[in-house]
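Read through the structure below, which is laid out as structure tokens, and then see the notes.
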Amino acid sequence: MENWKDLQKALVQFRNERDWEQFHNPKDLALALSVEAAELNELFLWKKAEDADKEKIQEELADVFAYAILLAERYGLNINQIVLDKIRKNAEKYPIDKARGSAKKYDEL
Amino acid sequence: MENWKDLQKALVQFRNERDWEQFHNPKDLALALSVEAAELNELFLWKKAEDADKEKIQEELADVFAYAILLAERYGLNINQIVLDKIRKNAEKYPIDKARGSAKKYDEL
Amino acid sequence: MENWKDLQKALVQFRNERDWEQFHNPKDLALALSVEAAELNELFLWKKAEDADKEKIQEELADVFAYAILLAERYGLNINQIVLDKIRKNAEKYPIDKARGSAKKYDEL
Amino acid sequence: MENWKDLQKALVQFRNERDWEQFHNPKDLALALSVEAAELNELFLWKKAEDADKEKIQEELADVFAYAILLAERYGLNINQIVLDKIRKNAEKYPIDKARGSAKKYDEL
């Protein structure tokens, strides 16, 4: 199963069984996403990337996906479409010949 | 198209064309994810959720997905599997009868 | 005691007694600051501002100050000077007559 | 001048001249603090710590202090007191003999 629609259904069912939709306004969902992203980052704190605990990374990354998917659901967004749209925009901001091998932001290229 | 794998391929191709894999160690990918999550949150700052700009939300959420998908790729994780695993764990931490209608953390239930 | 120099000394002493300077490069200090800011934000998650736990807020805010003060120390920055400089810059970006009563960003005023 | 109170006065005056107190509930202040912390972190993205732009760091760190100070003001907290209280707590969680030279969290020491 590699389809995000199935995940979205599972997450919505989990939420609805607990009557949590009342708390899930987009502002708090975005906040929750940020908190989970920070917990993921904490796993790398004071460390080299390769010394971080892969199992915990997996769990925190799952939480990040969960809130991101719920946010997409809240706004009726098609995840593939919005990411592909963004890739297209970024391809214009970061043309291959200018951006290759550079970590600079587009406005510094 | 509603498939993570297709998105992952598109993102990896975009990255490789620009020779950016050298920068994409997991610690910096997680940092990038956090920065994008903060940009998403900024769209709600000083506002009610319903007054935030939906088009910008879509763009920032796409960035969040992009880095989360690249992180999953970096660790060889199956996104659906890790999220479903987490849902199962959370179902134990938040049993329906205790958690229904409550926004408390599991250790306060 | 309302002087940040005294705090800085106490924080540096705490760090040096534990031989932690080796971990405190600015990139990780900034990451730690972000993690603490997220823990502070989590106290407001799914809640109205007035329902957050004031005692915990105090603790998380203290952590935020600790890392911010250590970062300032790392770069030899005078906290009062940098904040007052920023207030002056912001006064130009947000002139009173335009910004009064508005939550808009300076580029939308 | 190395005094929090003077900074707090300057920040409150800046805010009041623009009639922004109405937006500055603690939940949004904490959110703003997190956004500024992320902007600070972005300066280190894809880079070694020593390659980050010191001038921009100074500006973003100033923003972090500004919101942290406004939050302390909002709750009537004495900054030095809350940080010293936290140092005392941390000294118990991280006793010198156990914590020296280790980046582990207190629950792993």
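Labels A, B, C and D are assigned to the chains in the order they are written; within every chain, residues are numbered from 1.
Convention: contacts are C-beta pairs under 8 Å (C-beta built on N, C-alpha and C of every residue); 3 or more make two chains touch, one makes a residue touch a chain.
These are the chains along with the protein names UniProt gives them: A, B, C, D = Nucleotide pyrophosphohydrolase.
Computed from a predicted model, the values in this text were never measured in an experiment.
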item: Between B-D and A-D, the pair joined by more C-beta contacts; value: B-D
item: Duplicate of the A-C contact set - from B-C, C-D or B-D, the pair where over half of the pairs recur; value: B-D
item: Cα-centroid distance, chain B relative to chain D, in whole angstrom; value: 26
item: Intercentroid distance (Cα basis), chain B paired with chain A, Å; value: 2
item: Chain A, residues touching no fewer than two other chains; value: 23, 28, 31, 34, 37-38, 41, 44-47, 103
item: Interface residues, chain D side, partner chain A - complex; value: 31, 34, 45-47, 103
item: Chain D residues within the chain B interface of the complex; value: 23, 28, 31-32, 34-35, 37-39, 41-42, 44-46
item: Contact set on chain D toward chain C in their complex; value: 1-7, 10-11, 14, 17-20, 22-23, 25-28, 30-31, 33-34, 37-38, 40-41, 43-44, 47-49, 52, 54, 57-59, 61-66, 68-69, 71-72, 75, 77-87, 89-91, 94, 96, 99-103
